[in-house]
Every structure is written in C-alpha cells, then in structure tokens.
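Listed next: structures, encoded as structure tokens.
Each of the two complexes below includes chain A, the first together with chain B, the second together with chain C.
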Partner chain A sequence: MVESKHKWKAWLYLSPAIVLLLIFTVWPIINTIRMSLLVDYSTIKETGGYAFDFGIKNFVRVLNYPKFLNCLKNTLLLCVLTVPLSTILALLIAVCLNAIKPLQRFLQTVFFLPYVTNSIAIGMVFSAMFNIIGNNIGSSTQLITTAGIINNIIGVFGVDPINWINAGSSYWANITVLVVYIVWDALPFKILVLLGGLQSINRQYYDAAKVDSTPRSRVFTKITVPLLSPMIAYVVITAFIGGFKEYSSIVGIFGDGMGPAGDKGRLNTMVGFIYDSLAASQEGLASAAALILFAIIFVVTMINLYVSKKKTHY
Partner chain B sequence: MTEHVSMQEKNLQQVSAHQRIVKVAVQVLLYAFLFLMALTVLFPFYWMLISSVKTLAEYQLQIPTFFPRKIVFFNYVEAFQTANLGRLFLNTLYVGVVSTLLSLVITVLSAFAFARLEFKGKNALFAALLATMMIPGELFTITNYITVDTFGWMETFTALIVPFLVSVFYIYLLRQNFMQIPNELYLAAKVDGTSDLKYLWKVMIPLALPTLISITILKMMGAWNSYIWPRLVANKPEMRLITNGLRNAFTDANTQQTNIPVQMAAVAIVSFPLFLVFIFLRKYIMKGVSRSGIKG
Partner chain C sequence: MKVELRNLTKIFPSRNKKSGEEVIAVNDFTFTIPDGKLIGLLGPSGCGKSTTLYMISGLQKPTSGQIFFGEDDVTELSAENRGIGLVFQNYALYPHMTVKQNILFPLQNLKGADKLPKAEMLQRAYEAAKLVQIDELMDRKPGELSGGQQQRVAIARALVKMPKVLLLDEPLSNLDARLRLQTREEIRRIQKETGITTIFVTHDQEEAMSISDMIVVMKLGVVQQTGRPQEVYDDPTNLFVAKFLGTPPINVFAGEVKSEKLYIGGVAVLDVPGVEDREVTVGIRPEGFVPDANGPLVCKLNSVEVMGRDVSVVSTHASSLNPIVRSIVNSDYRISSEETVRYSLKSHKVFLFDRRDETRIRF
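And then the complex of A and B:
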C-alpha cells in the first residue's frame, strides 16, 4: 500500500526535472543527430518546406573545410601544450605545498584564488599585460606604442620586446599568450584535487621509506606518483575535456573576433566553429561539428581511462 | 675502545648535522619556489588593481610604473557609466537568484526521489542521467537555441534561466548526501505520520545544508561568469549579463582602441564580489569544485 503510494509520488517529485531534461537535453541529442544527417540543413530552409537529402555529407563538408581544420589544429595544439604543462606544474606545487608546515593554508588559499575569477574578465587583464599599444590621443590614427609590462619583465632578462597579441603578431606569439593564460587558469582546480589526494596518502608509506633511507626522488616516483595516480588521471581527463572545449579564454584575450586585429578567426577553436555555423544559420554543419567534437572527447577519454587503468594503482 | 665509540658518535653527529643542513636547504628551496609561483599567480590581480587607479597618461608610459605615481578613482566612475554596470549587475542578480531558487527546488525533489523512494526503473533512469554528463554542452546549445526561438523566448530572461535549471551533477551531489542520512529517520517519520515534504524540509534539508550552499554558490557564480549562451539569446543592451556586457564595452567601435585603465576598473568591479564570496565561502566552493571539474 505504502509502496504503491510512493511510486506516483516519486514520479511527481521527478517530473519537473524530467520534463526539462526531455526538452533541453534529450530532444537536443536526437535533434542534433537528425540535423547532422540532413544535408545542408537549416531551420530557415525547413520552415520554407525544403526537402533535405539524407546522408553524411555534412560531416564530409566539415572535415574538408579549411576553417574547421584550422579550428581543429588550434584546439589540438592548445590541448597538447596546456594539459601536460598545467598538470606537471600543479603536481610540483601540490607536492611542495604538502611538504611545508607554516603558511601552508595561506599559500593554498593564494593558489586557489584564480579559480573564482571570471575567465573573460581576467583574460582582459592578461590581454592588457601583453598589449603593446596604448590609446590613441588626438587623431584617430596616431598610436602610442608602449613596451607593455610583460615585455618590460622579459627585457630584464635581455629578451627583445615581442609583439604578442596586436596587429601583425605572429601565430606562435599568440599561442604562447594563450598557453600562459590557460595554464594560469587551470592550476587552481588541479592543485586543489592533487593536494587533497596527497593529504590522504597514508603516512606509513613515507615512514617505511624513511626507515629504509630511500632517496627523495625514489620516494616521489615509487610512492607519491603511484598512490596519487587516480587523482592524476582524473585531473588529466577533465583537462582534456576542458581543453577540447576551449573558447572563452580566447574571447577574453582576443575578443570575439578570435584573433589579433587584422587576422580575425586565426585562433578560432572547435567550439567557436560550432557557434559561428549556428550564427550563420548552418545548423546542419554546426551539428556535424558538435558530434565530431563529442566523438573526439569520447575517444580521448576512453584512451585516458584505458591508459590510466593500466598505470593506476587503486 | 672508548676512542672508537666516540669516533662513531662524532660521525653520527656529523651525519645528523649534514642531514639538518640538507633539510633546511630543501625547505628554503620549497618556500622559494612556492613564493615565486604565488607571486606569478597574484601578479595579474595586482596589475588589474594598479592599472585601474592610474591616469591614462601614466598607463601609457614607455616604461610602466609598478606603483602608480598618482592614485585616481575616476576610472571606476567612468567604467560604471560606460558599461552601464548598474544595469548589468541587476540583470545578473535577477537571473542568478531566480535560477538558483528554482534549480534548488528541482534538485532537492529529484535527489530525494532518487535517494529515498523506491520505484521501477530508478537505477536505469539514474544511470541514464549520469550518462548525459559526458556530452559536451555545445551539442545541446544548437537545438536549445532553436527551441528557445520557437518558444518565443529570444531576448528574454526566461531563455537565460529555464534551459539550465536541471543540473544532473547537482542532483548526483545531493543524492549522495541524502543517502548518508540513515533511512531509520525516514521510517520513524513515516510511522509518526510525517509527510514526505515535511520530513524533507525538517530533516533532510538541514542535514544537507552544506551541499545546498555549495550548489547555490556554484550556480550564482555560473550566472556571473556565463558568456556564450547569454550572448546568443539575450544580446540586447538592456538584457545583457555582466560578462557579456563587459567584454566589448570599452573598445571604441571606430578605432578598435581600448581605454585600458577604465577597462581594468570594470574588471576589478566585476571581480570584487567573486573575491568576497571566495573569502567568506571558500570551503563550500572547494567542496563542490573538487568533485565536479567544471568551472563556474
């Protein structure tokens, strides 16, 4: 009696969530697959009564599209550069934090600070730091060139000023700025997770190593890293997923033109491509690109899980 | 014999002295590295603050000053007016509060059903929900954009609130929390004739309060930091949310030049509430974050 009463109650409690999920999660999954398989699909054409061919032509088009390939290249490059760099740096910082006593909590707080910031707003700060052109005063063409704070800092070490993000800057200068910003932005979460993992490692392992007077480097590679491996795997997987969806950090630094002045779109990413196609009412192409993105994330996650299963000690 | 022993002692003392020196050196290196990294992490915030109180002329010096010669605050006034920050604040607050409240109600009810009630297909449904977490949000955005347009919600706050009310991750987080509360409490309440909702309100919610606070903070921060979706569906100046309004407000449409001190003042204004949240509610954020891997 009570049980059957519960049954309809459970569905009643779940109903708001289920209704919203059906509209905004389940239907999009179905519809994205549908749109991706209708050649050159757009909602405007559909309301006009246009009959679309069925097939995988959208995918072929996207994969042969130079713009998309450029986005894919940028996304992959940023992933390959930022994921190892931020993971290794976060691991170093977490291990050092775990090895000190005074000021540990204070420093932990400092390292977590970038997490609560707004990626676009702080991207604008990085953009200002790398910027080499001040405001125009008087005429609309007269530009005042400053060195920019980053150029001043590297100048101390004898490096010549570099045009980082302004018109005429090189692709690799742009990528460097993005890598610096993305790593800065990614550190807090990784340090938080890795430090949490380190603090939960049983002290006995270290005490045993001490008795055997094991060298520090061996303790690190034979105790710390293996016992921390589930956390490292977690951090790497989420970093790859985030990396493939990179978008707002580029908007933060370069604005929604996704590139330096005079070369818009140069730094566009896969997510950026999806939004551009959507804005151009090419929903078929956008859907195909979104499914390709999903496939890449899925495959990379599976590879990561497979590798970490072999290398992880639970 | 005694000589031999004292030699050994001396050696031991030397070894321990040596070890102490190494230990101190390692500690010094650790602190040096950590302070260097901490300075790097903090530098952009410092730069934002000092740039926001510089005059434009001082900001444009060939060699930037590390501490402003003259501290001025008119950049803040200008930032507030140029970007219409007051309006952006109110919009963001409205969207944030409404979506958080509705989201909490939906999350609590769903988590309760999954944690306490028995019904057919419960586990399958829960697994299906978790599976959707793997799909990148962009895949939903395309259709949701069309759906919002079909519903006539373009350029309304409804479009900013409704599509994101259900978060599978929050349901999952709260369900785990609810499961830790002993079932005996629920059965006892049933025997006493307490209704589900009263039990939820009087027992479950107070016990799960830390998780609910985490969800509230993350949800509010989400509204504060969201950019892509608001720009797509509500881009009219009077509907904009703070991040969207901020990005393009300070670039001159004709010359593409930016008044950076004013821009930095605006960034500081936007960052300030986040810092307050961080200082007072850090532990809740860390708790939610370490399990999500999702920013904002």
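And then the complex of A and C:
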C-alpha cells in the first residue's frame, strides 16, 4: 500500500496518462452520450445558438431507419460468417506451420505479410482479382475473357464467370467476396497468436500422448485445442469486436459508395452509417448509432467471456 | 519383460555447425535388465542416463545398436507401439483434465481388440489410483495437487495400461526431502506389487542404492559399472564409481606402493600383497578408519560431529586430495587427544587406483 503522504507522487506520475485519457477518451465518450441525447443535434446548429430538445428521439430514429437496419444486417452477417471461418482456418494453418521444421520461419513471414500491408491496397487488389472487366476492354463478348483472375480460374473448371462485384452483381456474390477478403485479412494476426500459443505448449504433453499411443486426431482435440483455448478465446473475442467495426474492407473493394455501381450503400455497415451521418452533419444520429454499436459489442463480448470462462482452461 | 540393450549408441549432431563436434550422449551401452526387477540408472547430469531411458521409451532413436523387449527387437518401433509406461520428470499431467481423466486417457486410446468397455476402463482407473493411494482425489485437477500427489497420478497413468516396462525419469527430483524418502519406498512397493520391469533414472546415488535391485553407473555416456548396489559400493571398478557412491563420500589420498606396503605421506599404513611398486591414488571409505592409539595414519583433528549412534570425525591430512578427511566411527570411541587422531585401516574399505587412468588396482 502506498503511504498517504506519498499519494501525491503516485498521482503526479500518473497525470500525463490521465490527462491524455481525459482529453481523448473520456471526454469524447461523455460528449457522444450528450450529443446522442440532444434531438437532431448538429455542431453547425449548436454554433448557431440553436437550443436542442433533450430525449431519446435520436435512438428511436436510428432504429427505425431502414438504412441503419440494413447496415446492422450486413455487419452481423459478416461477423457470423467470418469469425468462425477465419479462426478455424488460422488454427489449422498454425498447427501445420508448427509441425514443419524446414522453411518454418520463411513461411511464418509469408503468412504475416498481409498484416503489414495496407488493407485499402489489399482491397483494391481483391477488387481487381474479382473483376469481370480486365485491362483490355473490347466488345461485350470479349469482356469475360479478359476478366479478373478469379473468373479465369473458375473458367478453367468449366464454371461460368460470375459477376462478383460489378454493376448488377448479386448481394450474395458481394458477400462471398467480402468474406474471402475479410478472412484472408484476419488470418495473419490470428495465426501469429495461435502459433505463439502452440509453441509455448510444453513438448512433454505430446511425448506423454505419444507414449500412450494417442491417435493424432485425439491429440489435436484433447490436448492441443484445450491447451490453446485461452488464445482461441482471445482471437475470437477480438475478431468479433473487429467484425462489428468492419468498414475499410468494403471501401477497399467497392469504394466509399459501399456497394457495387448502381446499388450504392447496399453493403454499408454500422461504422459506415456513423461516417455517413457525420458527413451529413447529423452528429446526433451518428452518436446514437455509435452507442448502439457499443452496446452490441458489449453484449456480444460479455457472452463470449461467459462462454470462454466455461470452456477455457487457463 | 526382460529388456536387453545391445551396443546402444546415441550421437547428437553438433549445435554449432562450424565446429562440427558431435556429442556422444550414450556410447556402446550393452546391458540386460532381468524381468521384474527395479533398475537404477545412475550418474551425474549429462552422463546419458536420461537419453538411454528415452531410447528405451522410443521417444528418441538410437544412432546405432539394438533394443530388445523379451525376444522382440523393438529398435525400429515407435513409442506409440512399444507399450511402455513413462513417468516424466515434471510428470506432464494434462493440466486441463481431472485426475480421473488423466488416468483414463491411455485406456481411451486403446483400439480394436484391446478396446475396453467404459465400466472396465473406470474400474481399472480406480484400481491404479488405489495402488498409488490417490483414489480420493479423482475429481481434482493436477494444479490442485501437491508435488507428491501429482507424482502418484503420473505413476497411475503410466501403470493403468499395464505396461511391459515402466520408465521413470528422475521421479523424485521435484519432491522435498521427506516426501522423497516416502515416495521412493512407495515406488519400491508398487514395483514389487505389480512385478513390472522398472527402470528409473536418478543422479542421487542414495536414492538408487536404497531401492534398486541393480544399478548402472554412467559417466559421459559410458557405462562404468553395473551390479547390485552393495556390490558396486564394496567393489568399485574405478575412482569415479568409488567417488560417486556413498555418503559421506570416499576419502581420497595420494599414496605410493613400495615392496607390497601402501605408504601415505611417507608412512606405511597397510599391507597390499601382490601390488607392484608404483604411485597410486588411495580411496578410503569413511567407515574404513579405525581409531587406534598406535595407528599409522596420523591426521590433524578438526572437529567431531556426534550423530547419535555414530560419530563423524573431521580431520585433515597433508596427502589428502580432498580438503578434509571424514571418518565415521563408533560413538563408543572417545577421542583422547585434541590435536591429532590416529587411525589404522580396514583393508576391505581401502581401494587403490592407478594414478593416471584411475582404474582399480586389486590386492
């Protein structure tokens, strides 16, 4: 315990961090709550001396807004699809990486590269890959043959080209591209965490399992996964939080129109909705939406923690 | 099951690729472990005893040589298929499973004809737990157990599948002194009850001597001597074995043999018939000293430590290669002089070794 006469010293040492947190974290949160509760709040009106009514009307409006509900649906769908997929894939890749000796460091670097690459840039690469239009735009029949690499690859297997992301593409084609992109983008961090976890598991457990003639599948399910469960829980929780904040991946592939040409806004997400509201000087709506997003993330994280407490061995 | 090691050799490649020096962990180890016996592999750290154990387990492959279980050559057999039980130094209990799940684990791995019904698995797990007296703790996790209890769980897990051979790697090193004494008796009892051929590795000579049917003393990958503990203690083949066995350790002197008499510090202390004249290293067990007012070996007295039944006399001698000379004498004996103590020697407790290659010179 700190003696009381030294308490001021503790506060002094903490003060830089506290001051920064107050200015850049605590005050914005308070201000967000304030703005969300002032009906139709906007900074322009406030500077003009407008007096706002106080109430929850912003929330009611956001929740009744079809655009917002569409954003909520897109966000939830992407979360539910990408989190399990990326976690399972990352686990398999990490286990494989951990099992091989030669080239392990090299491959580790390869798998980590996407993490240090700008996600907008990766998005543009993906949009080129999934495009139906190649570099040489010719007549309408020539379009397909010069399409992006994905359509060329599936063409080899005799599958008709699919309109993935261009004007007139279907919603599910768009979602498929997004899922592939988000999973691919999420892999490096998860692989890194899980591989670190795998390497910290004592080899003796595997030797013991070997002596007891344990089949490989059982070693994986009964030893590796339980011993890795704290890492898996961490990866899943952060993936959900990241998933609810999904935004830049859609911008990367579809541009800030948040949808294929001709159907802008179709793939918008919660964060996208907040940005749009801010751009339209509707800070009150944006704040309410941000708090709703916070509430959802909070509840989902609580559920995650509750489940992982029961299933995780620490 | 009889375990036979034939010319077993393990060479580890050098870590430093430039120097290219290989490490010979085990060198040409040949030994037959009789069925149902408890064998102690003994030696200082780095002597290759654990490597030998892991080669028997199948977790490490020998560079050359063969391993037989009974009449079967198991050298090429992987650990999964050898049917051995292994207790690791740190026990390697699965931390996320209860004691019961840990003990059941090897049984649940059985396949095909060996597969057991659930009820029988449980029964066998409880039998194994009873044998090591942990049947009260079946629903605890390893983290909730003491070191001694964890050790028993590890033994139960190794025993439950009725292994042909039980291997123990430094089984007592993580236990405190009192528990160590208790547990080594326990291991002896369990081994006697089950009759499973058991090999254990230790660097503690007292531990090995007290419970083993036979001991194997190793040094730098080479077997120095094998035999019953008392035989090895009473008849060491070289200075290393003589020094390694026994607490307090053997006293070592520089000596010389002249006309069949052993001289220490220029004084004839013992008749050594049949030994030609040469310089020797002399090992004298602490119990080999007999206090004698007219004894030839004169030592400068340091202190007398009374230990109840025995008295430990600490003295110094100019020719001693150790800083002190420690003898154990009967407490009936009263040290009269305060400056010196005189001893005569029991000839069967005195060993002569070649000064250079440290091999035994018998007389």
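Things worth noting here:
Just so we're on the same page, the second predicted complex is superposed on the first by the 282 of 314 C-alpha atoms of A that agree within 3 Å, B and C clash if a C-alpha of one lies under 4 Å from a C-alpha of the other, contacts with A are read in each partner's own complex, and residues count from 1 in each chain.
Convention: a residue touches a chain if its C-beta (ideal position, glycine included) is under 8 Å from a C-beta of that chain, and two chains touch if they have at least 3 such contacts.
Predicted model, so just to flag it, every value in this text is computed and none were measured.
Under the clash rule set out above, the superposition-derived model of chain A with chain B and chain C shows the two partners fitting side by side.
Contacts of A:Y205 after superposition on the shared chain: chain C is touched, whereas chain B is not. In the superposition on chain A, no contact is made by A:W164 with either chain B or chain C. Touched residues of chain A, counted separately for chain B and chain C, are more numerous for B. Contacts of A:L21 after superposition on the shared chain: chain B is touched, whereas chain C is not.
When the shared chain is aligned, no partner comes close enough to touch A:F130: not chain B, not chain C.
Of the two partner chains placed by the overlay, only chain B lies in contact with A:C96; chain C stays clear of it.
With both structures placed on the common chain, the touch criterion links A:I297 to chain B but leaves chain C unconnected. In the overlay built on the shared chain, the residue A:Y41 is in contact with neither chain B nor chain C.
Put simply, if you stand at the Cα centre of chain A and look at the Cα centres of chain B and chain C, the angle between them is 70 degrees to the nearest 10.
With both structures placed on the common chain, the touch criterion links A:P226 to chain C but leaves chain B unconnected. After superposing the two complexes on chain A, the shortest C-alpha to C-alpha distance between chain B and chain C comes to 5 Å. Against chain A, the residues of chain C that register as touching in their complex are 57-59, 78-82, 84-86, 88, 90, 92, 94-96, 105-106, 108-111, 157, 161.
In the complex of the two chains, the chain B residues touching chain A come out as 26-27, 30-31, 33-34, 37-38, 40-42, 44-45, 47-48, 51, 56, 59-64, 105-107, 109-110, 112-114, 117-120, 122, 125, 129, 132, 134-147, 149, 162-166, 168, 171, 190, 196, 221, 224-225, 227-228, 231-232, 243, 246-248, 251, 254-260, 263-264, 267, 270-271, 274-275, 277-278, 282, 285-286, 289-290, 293, 295-296. For chain A in complex with chain B, the touching residues are 2-3, 6-7, 9-11, 13-14, 16-17, 20-21, 23-25, 27-29, 31-32, 35, 43, 89, 92-93, 96-97, 99-100, 103, 107, 109-122, 124-126, 128-129, 131, 133-136, 140, 143-144, 146-149, 152, 184, 187, 189, 192-193, 196, 216, 234, 238, 241-242, 244-245, 247-248, 251-252, 255-256, 261, 271, 274-275, 278-279, 283, 286-287, 290-291, 293-294, 297-298, 301. The touching residues of chain A, counted against chain C in their complex, run 202, 204-205, 207-208, 210-215, 218, 222-223, 226-227, 229, 313.
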